[in-house]
Amino acid sequence: MSLTFAVQHHYNGFDLDIELQLETEGITALFGPSGCGKSTLLRLLAGLEPAQQGRIHFHGECWQDSQTGTVLPANRRDIGLVFQDARLFPHLSVQDNLSFSAPYRRGGMPLDASLLIDQLQLAPLLLQKPDTLSGGQKQRVALARALLSRPRLLLLDEPLSALDRESRRLIMDLIEQLQQRHALPIIYVTHAVDEVLRLADHLVCLQQGKVIAEGDPLQLFGQQGTLPQLGNRALLRGRVAQLDIQDRMSAISCGRDLPPIWIAGTDHAQDTTVTLSLQAEDIALSLQPLSGTSLQNQLPVELVSIDQTNSDRPWVQVRFGDHLLPVSISHRALTQLELRPGQQLWALIKSIAVEH
Amino acid sequence: MSLTFAVQHHYNGFDLDIELQLETEGITALFGPSGCGKSTLLRLLAGLEPAQQGRIHFHGECWQDSQTGTVLPANRRDIGLVFQDARLFPHLSVQDNLSFSAPYRRGGMPLDASLLIDQLQLAPLLLQKPDTLSGGQKQRVALARALLSRPRLLLLDEPLSALDRESRRLIMDLIEQLQQRHALPIIYVTHAVDEVLRLADHLVCLQQGKVIAEGDPLQLFGQQGTLPQLGNRALLRGRVAQLDIQDRMSAISCGRDLPPIWIAGTDHAQDTTVTLSLQAEDIALSLQPLSGTSLQNQLPVELVSIDQTNSDRPWVQVRFGDHLLPVSISHRALTQLELRPGQQLWALIKSIAVEH
Amino acid sequence: MLPTEQDLAALWLTLQLASLTTLILLLLGTPFAWWLAHTHRRWKVIPEALVALPLILPPTVLGFYLLLAFAPDGILGAPWHWLTGSGLAFTFTGLLIGSILYSLPFVVQPLQSGFEQLDQGLLQAARSLGASRLSCFRRIVIPLCRRSFLTAITLGFAHTVGEFGVVLMIGGNIPGSTQVLSIALYDHVETLEYARAHWLAGGLLLFSISLLLLLYSLNRRQQAEIIR
Amino acid sequence: MLPTEQDLAALWLTLQLASLTTLILLLLGTPFAWWLAHTHRRWKVIPEALVALPLILPPTVLGFYLLLAFAPDGILGAPWHWLTGSGLAFTFTGLLIGSILYSLPFVVQPLQSGFEQLDQGLLQAARSLGASRLSCFRRIVIPLCRRSFLTAITLGFAHTVGEFGVVLMIGGNIPGSTQVLSIALYDHVETLEYARAHWLAGGLLLFSISLLLLLYSLNRRQQAEIIR
Amino acid sequence: ANFKQPLERLVRQFDPEQQHQIAISSASTGVLYTQIRQGAPFDILLAADSARPERLEQEGPGIAGSRFTYAIGQLALWQPKGHPDSLKDLLDAPLAIANPRTAPYGLAAQQVLKALDRWQPAQQVQGSNIAQTFQFIHSGNVPQGLVARAQLIQQSIPPAQWVLVDPELHQPIEQQLIQLQRSAGNPLADAFIEFLHSAEARQLIEQNGYVPGKGITHAAH
């Protein structure tokens, strides 16, 4: 998509001032603490509230420009918005809520309603009235309603907050499929790191109404600067170099002349690129390679820096090829192994989460 | 607390039938998938809807008994209820929402309002009207409102669903303190495993309106039978046997003649009991003890069983003392190490989450 | 005792007047009420108060002033005469205008309070789903304010049926053209024709109550649907 | 031109009547409206429809039937006479009863629609925080249905002030005890004393509008508070 | 309004086959006067008094000289529960009269009571017109009152219950009609007025409880 905007909006006690060019196809995650302005930004983009200052352009068409005073009304923007509170129409059954947008001409791709209803497990609820739905059911209906409104741009405001892990996993798959199949641009507001890891192609971090970091999740994760939630994790992108069908494992090469990283499963075809997420807590260090353990990955690394500000768990950075990995170890290990920068070590990696 | 009830309630398409004696002091977690009846149960307990069938007794006093037809009105039950949707009073400022319950005589412990307001970071919002609050702010206000209503029993319905990780951590601490300081019994509805781990003294798993498992989290976690979310984790309870001030580590002994488990930090005083949560993905196996690694814990274990139903990651159970630990390893490791039941091994444990 | 032809004519006229008045009031009153409900202008209290004024004056007196206004040189009569070449007083149009003015508050006020209680979030949701202002109103506002509309219609209609002071004054009680039922009834009472008065009143009541019952039952059905 | 002492007496009487009527109507109408709004009885449509009936009859005719009912052997007069030993007709009490009956729909219907639009979830929240039914009503329902109450009060009050057909009939126009302003005004018009009619009407309007303006401004202040 | 029924009868007699369009619009004389001043489409006004026809004549809408007294009302004391012989029998109880300011019968009643020195506003219940006054008594809310003989006859009240008031005690209740400009050159209007002078009309008026008017001559003063 190409959604470019620069908006300023003021409430007493809160100022929002955001300028972004979102060129990326795919899913942009809006990430930030409570009250940082995520929902407000969505409201402004959707045109439910015109931004007090600024301009919004989507695919070249002007949605708002406070210079010229043009404001395109919300219903003409063809966005699908899932509100944080579901906002189902209380006088309509689930069924009718879902088909509410049917009469309107909209720019986006029509989906197969019955399929979606199955995927979101709404079939048994179709005749219920919203006030008889559970929190999670409301949220699923709201999502379905937005998806079925044939939007050209999807704005999701914490769409999974009220759902259990299973449903969340299912729906995240669904969202990703949709995005890929229909090239539907999505802006996805969330608090949850795992949702970012799972879905985000592009990440925007907000704080108090300002953008404090923006870009490829691979860059943003793992560096100390940004939000603490992101610091303790490194994302490595690599391609599937080899498949071990018998042991059901795949070798991921993260750069030439680097040993591959082995992950469980063979779901990803040869040469597809995948993103690995390594958590600092999941990496151990060893002075020499080990044998006779179930540890499949022993990576040659060089110790870069040691940071002891965190009293309990010293923070170590090691380089694997040109990837930086954060490692969190104990003081005792630090002294026992007499670790110092420049040292050559082996990184023992137990489990590796494959994000996508 | 002693909250004993047996309630049946029917909606078309849904039947709730739950019988429980909740004797435990402390926090009872209601855990279950979306639509399983958690909120409904809370409504019944709170008396917002009288159960169609059954009885509810709290500390000996009868709240409902469909035999005798007695129903104690909600306002006389002295419960504090945080609804899934915040339900703040739109015509009142945050301030007035918080002090709404002030005029009423209630059985519970009065809290220090100003302190609570600081802890929940509500100070800047006091004069705002609810419709100007963000989702997370609403939820925090709702929580504060319930806490300040001096309840004898606290019912929380996913009180943290709209909050970011930092706030959630803070509020979980807060809730735990409250519970301990005022011995305030709490029923806590949640989807999130980490909240259960962090808070639950007692766990009730619901599915489709029925209790499918109930008891001490230590028992419920780690066994394959119950909900999948709980299977991949073992909870060990032990006492702090030794403090290594210099390295800032604590040795937790989980049973006599078992080597201690070392964890980072020295927050817990000598001899206090703590609960350790070990995730299957965080445990590796080795044929012999290792040296020269940052791994602090190498536990002697005996392999109990191997379960290969999960195609990608075989599932191994090992016994440490009389604790069963789930371990998930790769096929290749399985063959390389020629693992078989009865074998003596070393469990390599990188990181250990201390729940409380 | 059968209704006289006159009574029937009066009944027919009354129905025409009441339905037309209610209809026009809905058309005029709805946007007005909407505006009152949503504007933040300081001075909106003035139109708000003015709406209720017609109620304050005794009908006959209001009628009296209307009569003055309707006069060929009156503030209403003059332009009307200029437009249509005919007068307003003692015509059906005149009655209509009078009734509309007099029943205005019964329609505007309930609607306004309905609109003000409406949850704006739902309208936003509807807009975001592609609904124009108008279809938003049709598909969200009207059903959610159903009861307010019902109130407006009932009060407006019933009041127009019963009201006679204004009508008597500006209508001139001319059988067939401006003699509505209420006046006929009034006449019967004034001329001590009790039997016919009873008969007429009974008929009117019976008729109205069946009308209302119908209306409310329909509403109830709807509602039953809405609240599961 | 100064108001005659009679006019002033009439004004005073009118105010008493209107305020008392509105007050009593609020006291009676609120619970009734609440019941109508929340019961699921099939037959609730019947009282619902009956409420609107007084509107259907022309005031004088309604007054006429009230007169019959008030007679010492009438369905209302008899028990009243038995209780108090005095009659109802041509007394202030009689007027009061008449006005209450006639203005009932203006109070009940707006309240009912307000109550029906109320979000039940908020009431549940209030109950769970310790509010009894009553204080729940005081602290949640009234403020949230403020506009509906305002409508009820305005319509009820204004209509009682202006209404005179019933009053004329059952009041007997006794200066100081049953001669209300509307009748005095009617008299002036009837006896062609236009100057005084104008004066009185003007005064009445001025008075009422200032009253309404006050009411609405207060409401507006409140509202401004509520909607940030 | 109080002459509506007799008028209907008159019209029926005047035009038995109903070949003409004669519409009766009844209201209180005050209302009718106002309406006529505002150009109501009326040809003839049969007022309940003489004042307003006079005004109309002076102010123009009325055709000069067309005014005459078509009937004279008679006041009666009615006591449903008693059988009065004369005004002496006025009970010391509430008394229903018409509003002297708006109704000729009320004015007459006032004159009578003042003459008898029985004028006690506190004890009087006033109907805004003579019809209401009648209903006050008829409904049993007032034990006695001064009403129109015409009403008593129309409602066939037993003569025992009422007694005529001596006409000398009050100005005659002259009910005058006046032909309005609009009717100029309307033969039907002229014809009807002719008819009202006829013997049969006067007889019918008498039967309805009025004293027939004495013709144009009297109207002069």
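Read from first to last, the chains carry the letters A, B, C, D and E; within each, the first residue is number 1.
Throughout what follows, contacts are C-beta pairs under 8 Å (C-beta built on N, C-alpha and C of every residue); 3 or more make two chains touch, one makes a residue touch a chain.
What you see is a predicted model, and the numbers here were worked out from it, not measured in a lab.
Asks: Go through the assembly and pull out the chains touching subunit A as well as subunit B.
Replies: For subunit A paired with subunit B, there are no chains in contact with each.
Asks: Report back the single chain whose CA centre is most distant from the CA centre of subunit C.
Replies: B
Asks: Computing the C-alpha centre of each chain, which chain sits at the greatest distance from subunit D?
Replies: A
Asks: List the centre-to-centre spacing of subunit A and subunit D in whole Å, with centres computed as mean CA coordinates.
Replies: Between these chains, centre-to-centre, one finds 61 Å.
Asks: Hey, how far is the Cα centre of subunit A from the one of subunit C, in Å?
Replies: Each chain's C-alpha centroid was found; their separation is 58 Å.
Asks: Taking each chain's centre as its mean C-alpha position, how far apart are subunit B and subunit E in Å?
Replies: Averaging C-alpha atoms per chain gives centres 93 Å apart.
Asks: Which subunit A residues sit where two or more other chains touch them?
Replies: Expected reply: 85, 128, 132.
Asks: At which residue positions does subunit D touch at least two other chains?
Replies: Residues 64, 144, 183, 186, 189 of subunit D touch two or more partner chains.
Asks: Residues of subunit E that touch two or more other chains: which are they?
Replies: In subunit E, the residues touching two or more other chains are 31, 34, 132, 135.
Asks: What are all the chain pairs that meet the touch criterion?
Replies: Going through each pair of chains, those in contact are A-B, A-C, B-D, C-D, C-E, D-E.
Asks: Across the complex, what residues on subunit D touch subunit E?
Replies: 64, 67-68, 70-74, 77, 87, 89-90, 168-169, 172-175, 183, 186-187, 189-192
Asks: In the complex of these two chains, what residues of subunit C are touching subunit D?
Replies: Spelled out, the residues of subunit C in touch with subunit D are 44-46, 48-50, 52-53, 55-62, 64-65, 105-106, 109-110, 112-114, 116-118, 144-145, 147-148, 150-151, 154-155, 158-159, 161-165, 182-183, 185-186, 189-190, 197, 201, 204-205, 208-209, 212-213, 215-217, 220.
Asks: Which residues of subunit D touch subunit B once you look at their complex with the stated criterion?
Replies: 121-122, 124-133, 135-136, 139-140, 143-144, 226-228
Asks: Sort out for me which residues of subunit E touch subunit D in the complex.
Replies: 28, 30-31, 33-34, 52, 55, 94, 96, 99, 101-102, 121, 124-128, 132, 135-136, 139-142
Asks: Could you list, by residue number, the parts of subunit B that touch subunit D in their complex?
Replies: Its residues touching subunit D are 46-48, 73-75, 78-81, 83, 85, 87-91, 100-101, 103-106, 128-129, 131-132, 145-146, 149.
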